[in-house]
Amino acid sequence: MIESAQTHARRYQEVRAYTYELAEPLSTEDQCIQSMADASPTKWHMAHTSWFFETLLLKPHLPGYQAFDAAFAYLFNSYYEALGPRHPRPQRGLLTRPKLDEVIAYRRHVDEAMQRLLAQSDAKLVAEIGPLVELGLNHEQQHQELILTDILHAFSCNPLLPAYQAGLAPAQPSARGAMEWLDGPTGAVGIGYAGSGFAYDNETPRHKVLLHPYQISDRLVRCGEYAAFIADGGYQRPELWLSDGWATVQREGWRAPLYWYAPDEIPLERARVEGSWQVFGLAGLQPMAPEAPVTQLSFYEAAAYAEWAGARLPTEFEWEAAWALPGMREMTCHAWQWTRSSYDPYPGFKPLAGAVGEYNGKFMVGQLVLRGGSVATPSGHTRPSYRNFFPPAARWQFSGVRLAR
Amino acid sequence: MIESAQTHARRYQEVRAYTYELAEPLSTEDQCIQSMADASPTKWHMAHTSWFFETLLLKPHLPGYQAFDAAFAYLFNSYYEALGPRHPRPQRGLLTRPKLDEVIAYRRHVDEAMQRLLAQSDAKLVAEIGPLVELGLNHEQQHQELILTDILHAFSCNPLLPAYQAGLAPAQPSARGAMEWLDGPTGAVGIGYAGSGFAYDNETPRHKVLLHPYQISDRLVRCGEYAAFIADGGYQRPELWLSDGWATVQREGWRAPLYWYAPDEIPLERARVEGSWQVFGLAGLQPMAPEAPVTQLSFYEAAAYAEWAGARLPTEFEWEAAWALPGMREMTCHAWQWTRSSYDPYPGFKPLAGAVGEYNGKFMVGQLVLRGGSVATPSGHTRPSYRNFFPPAARWQFSGVRLAR
Amino acid sequence: MIESAQTHARRYQEVRAYTYELAEPLSTEDQCIQSMADASPTKWHMAHTSWFFETLLLKPHLPGYQAFDAAFAYLFNSYYEALGPRHPRPQRGLLTRPKLDEVIAYRRHVDEAMQRLLAQSDAKLVAEIGPLVELGLNHEQQHQELILTDILHAFSCNPLLPAYQAGLAPAQPSARGAMEWLDGPTGAVGIGYAGSGFAYDNETPRHKVLLHPYQISDRLVRCGEYAAFIADGGYQRPELWLSDGWATVQREGWRAPLYWYAPDEIPLERARVEGSWQVFGLAGLQPMAPEAPVTQLSFYEAAAYAEWAGARLPTEFEWEAAWALPGMREMTCHAWQWTRSSYDPYPGFKPLAGAVGEYNGKFMVGQLVLRGGSVATPSGHTRPSYRNFFPPAARWQFSGVRLAR
Amino acid sequence: MIESAQTHARRYQEVRAYTYELAEPLSTEDQCIQSMADASPTKWHMAHTSWFFETLLLKPHLPGYQAFDAAFAYLFNSYYEALGPRHPRPQRGLLTRPKLDEVIAYRRHVDEAMQRLLAQSDAKLVAEIGPLVELGLNHEQQHQELILTDILHAFSCNPLLPAYQAGLAPAQPSARGAMEWLDGPTGAVGIGYAGSGFAYDNETPRHKVLLHPYQISDRLVRCGEYAAFIADGGYQRPELWLSDGWATVQREGWRAPLYWYAPDEIPLERARVEGSWQVFGLAGLQPMAPEAPVTQLSFYEAAAYAEWAGARLPTEFEWEAAWALPGMREMTCHAWQWTRSSYDPYPGFKPLAGAVGEYNGKFMVGQLVLRGGSVATPSGHTRPSYRNFFPPAARWQFSGVRLAR
């Protein structure tokens, strides 16, 4: 095996292994449910990420590769129109078959073949397939984050409010104390990825953007601060909200972040804990921790909070330019940070060729950019130029707020 | 143990054991899913039927009884308003916890306590609780039928179309050949239950109904006959349908019974079988069997078919009066039979006292009566006076057609 | 003109003229709106009733008849599948064209031709078309009632709460004082129409029904009595409601009859009147009158009230049999009376031949029978055997309650 | 009257008068209907624009002003949360009262008072209220455009397909022949309004944006070109569409622009015209004119067309910078032009103070910017910096496509 193939192979093993680690606290039943159309079962994530390698690497590049099961091309395609029809997204939770152990056998089948493919690749082939392997691994890491956010949503629908991992310590704030405003870089700044490592197509091409003077906060907004917004009538004051946001608040009856409960909202006595606000997370229901970064916010809530605080959300360009400012904290490990930027293509953006061109480009309307990374993001997955994106009403991610002005 | 208590205890064991038998072909995952709001997971059926005994017999009548888990009163109450708030019906599939083995432990806990209760009951107590035990067992039998119809619906949503039990022989028609018209009894006939065994409150009081001359068919409508209705444009001819039925046909795109597929409607090649119509059932996908009774029909379809055939559906009274006619066949073991009777209370109907008063009475509007029994009905569960009921658009039961004129 | 043709012609003029009388208090704009899918604009009612005569009498029977406008066959067919495609019901309010005066010209065109048809009919033709003319006039009378109930609904959606006719006196109760229970006839009683006058097909064939002993109240339930039900928590107590009814109460937020408002529910101060309950009716908003029969109730509410009052609703057979009891009051001029009978076909029921066969028969599922007549029913329109029908949640009619036990 | 007040007064009269001109071809009934939640009745537009002047100018600034009707503050507030509760938007079509002539009396009342206010204003007051008067007039002009697009939508729902103005000539293309690509300005260009006339807050502050090299087409896409896209399977090829766009095409069954009909889609024979495509517009149904600019497109369709044509949509900055290029045509009088820019705030954007701060800012999420102007835009209403905005699925405007690359 040539050296770079060895690197790919080793990294492949590490990333793939971590998926099992995440599924470890979950029962077979847990891994099969889907609590809303936007979420998927753990088992489906496990199969879909394997389908990605099988479809984009093994079938075209490994001579003699035998697909594990022809039906999986239909069952585990997510949204790739170029790759044929697929099982409807809202019905992924109905796939009790294939069973979990069949899906694990599928993963092993793909893993073994991937190792074989890498082992027999010469330098030319590695150069060709290396970027796709990297894409597949980054893809798997994105689904690793979704495994956590999706099961958390499912558990939040169970009146028993089970903990994903009871002892899990919550994200620690980087430091206590008041927020500081940092002056951001101005003028023509470079935006987007231009390095030699992996990056998604949506981070390119690198280009210059004119930034006007601004300040950005050195840390994320805390739960205690957000509780003050609620106590000040934040969810009852339309003047703080964007029009669509206010309509959503009214229609959905929002009165706090997604997993914040007042005691009377928890039907089973045994599930309740102390505190006027109880927050559900991977460690189960916990008293609201005033110093923890607030998460599970929609863009609408993030923007309303910023308005209430006399500030605004940073644009994604301001955020990226401020990445390396001295004093900057909590950029990547606590919560994704909603920006005031719609998810539009960069000037000169070209999607990847082939089916993977559907990876990012076709979603570039109606969504907002989030930057950073969260407690659920696999270590090393993000970059300063990384662009995450969700619709403005999405609340089931570890998404929080950093202010600008 | 006094003798009648022994009888109850023995029957209790038999009925409860049959639930496990039905679940036997199903994996843990299979037992957790819910494919629509009207259906429930097998695991939920198992727990709910136990909750029924716990709530209505053990808690009030077994001194010192310790509930298995206080939360189950909330999780497994189906629709009894008198017994407090409950988990929303459409979210039963999200209950990955309690796990299946916890639910089985719950069943054992209840079983053991029920045996204890019966063992220590004197004649007076047996007289008091006997009817409730019987109600609980009949209740369990109804859920046994639902276990089958609900998992069948769930499997029909899986493109793999898995078989509940691959080798299962389909219901055999009682005899081949042409349908015969039998003359029904006329005049004032007795309707409803008046025996000394178990019957539901909705079968009482027994009363007289005037029947006008009619004929009723000696057997159920066959799949082959129904296919002729389809081939004759049955689903395209509004004049055959009730107004609500036609609107449903249009809105839902119905063009055959629920589990009938044309080959191009089955996405996975490996799931297909021979035949212009393929019918999904407990034995998986099979070529349509022209001599088998047609099932999985809504009332609307049953009525449209009857119209097309120049006949009508019998009233529930005509059906009941015709029970013992010489030559009558296929009354209870093939398919529930839609009648032309709305599910209204009998004259002088009184629901049972207490929470079990919600068992039948509160559903007496907007539904149609079905009579008979199906391949999925536990043996011995039905009677001539038995009144099953479903809304007119319901199609996931083993529901078919017998004609009258 | 032969005598019976003269009779038809005179009655035709009277009935048709009354439609204009009803429209008189309405502006052109008023006559064009549709406030929900179940209601229709006045203008549409005017055109549709004319279309009925044009389609079923003039086109087939008046030689040389020229249709007023070929497009009207599409625009003003209500639900007759046999008569071709039609404008979607929920979009009737979008028909600003044809203008009101064109619709009135259409009416005149039809009226003139109808008089011509009757004038030139010999006895044989009169015998043939007479029943259709009568059907058309009874049809128009039904739409006359709908003109009132539909405009009342539309006005109830206008925050100004305009009065249809400001000075209109409300229906007067027949007599004050306590309700009396009357003993109903029992045994085999004749049900349905068997006279020589006009009746709908759904009232036939006359047949015998066995009635068991019952009592029926001599008058309708009063608003004051219904207010006591509300005050006693009627809308918060599930045990009083049928299951579908309770689900509707919760989903729709019902807390009183359709047009009852608490003062804080009326947005415009100038629209409010005195009283803890304000009731909107044809005379505008008025203080609730405790002695007036309660109306604008759904079947669900009628049944819940009866349950609360320790009684039940009469069956349609009990109602019809009790028609002529000494002491019986308020049978036809105050409010339609929900019965506990689903709208099923009578034994031996046959719809009329041809397109008019769709008049009644195809609606015989999912609806409940109402008997009697209301303040909005044209004088002379109903009979003891008259069967009105609406779905159980319908509330915009003048529908009230008579009790039985 | 001081001179600038005279100018305001004269312009007020002109703009207000044009509203009547637009309503002139419409009957009273026409002016009352609302065909979807996004559209409003003409009468409502007439009243709402008057409410704007009454609320923001007369009540605060004209001493002794008497409101025409206190209820109108509730009935005709559109979406200003700061100005209190309001009539629900989807129910504007139910307001048959106030009658049209009352609304016209309301307009006259407001007009008279506005003239009085301007006549008695000194220079200081004119300086204060002048911008609000201008805002009110520009607001009225926006509603003038909506009067046309909304009635066109309403008429399109009427099977008679009535013409707003039968003889109206369609927009003429500026010149025939092939499209030319023009080189756009690059580098740091100034964007936004900085003049001394009227502009909306969303066009400010003027700021610099870096533009990368691009080309922009000199004219709009033609109907004939768009027909070629359809003929080439444009509505069946997911690879051309954004993901949300493709989902919309499937869900809504789109297969051409909003008002394009194939002959078999028109139910009434008399409404049909020649041609394989028939296009409904202000002049009624017409054969598709290949040289006319295509309109009534959603953003999704515009973007899919651009993809098919091997191009893309311009950003709003590219569009604005290209405004004065030699050879540039059809910028403001044919169709609004969808840009590839989400409707985000400009750097340093501040909404106006007070209730009018809700005019633009609160809609800055989930919408796309359109630039230019259409056949329905009042003359002189737009500017190079003008930012129109609609959600990506909106199709009832005169919205078309200009390409970039």
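Letters are used for the chains, namely A, B, C and D, taken in the order the chains are written, and counting of residues starts over at 1 for each.
Following the convention adopted for this analysis, a residue touches a chain if its C-beta (ideal position, glycine included) is under 8 Å from a C-beta of that chain, and two chains touch if they have at least 3 such contacts.
Please read all numbers here as calculations on a predicted model, not as lab measurements.
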Greatest Cα-centroid separation from subunit B: which chain? D
The distance between the C-alpha centres of subunit C and subunit D, rounded to whole Å, is 44
Just how far, in Å, is the C-alpha centre of subunit C from the one of subunit A? 57
How big is the gap, in whole Å, between where the Cα atoms of subunit A centre and where those of subunit D centre? 37
Multi-partner residues in subunit A (2 or more other chains touched) are none
Could you list each pair of chains that touch one another? A-B, A-D, B-C, C-D
Can you list the subunit C residues touching subunit B in their complex? 79, 81-82, 188, 207-212, 214, 238-239, 241-246, 299-300, 303, 315, 340-345, 347-348, 358, 362-366, 368, 392
As the complex stands, subunit D meets subunit C at residues 27-30, 32-33, 35, 70-71, 74-75, 85, 87, 91, 93-100, 154, 157-160, 162, 267-270
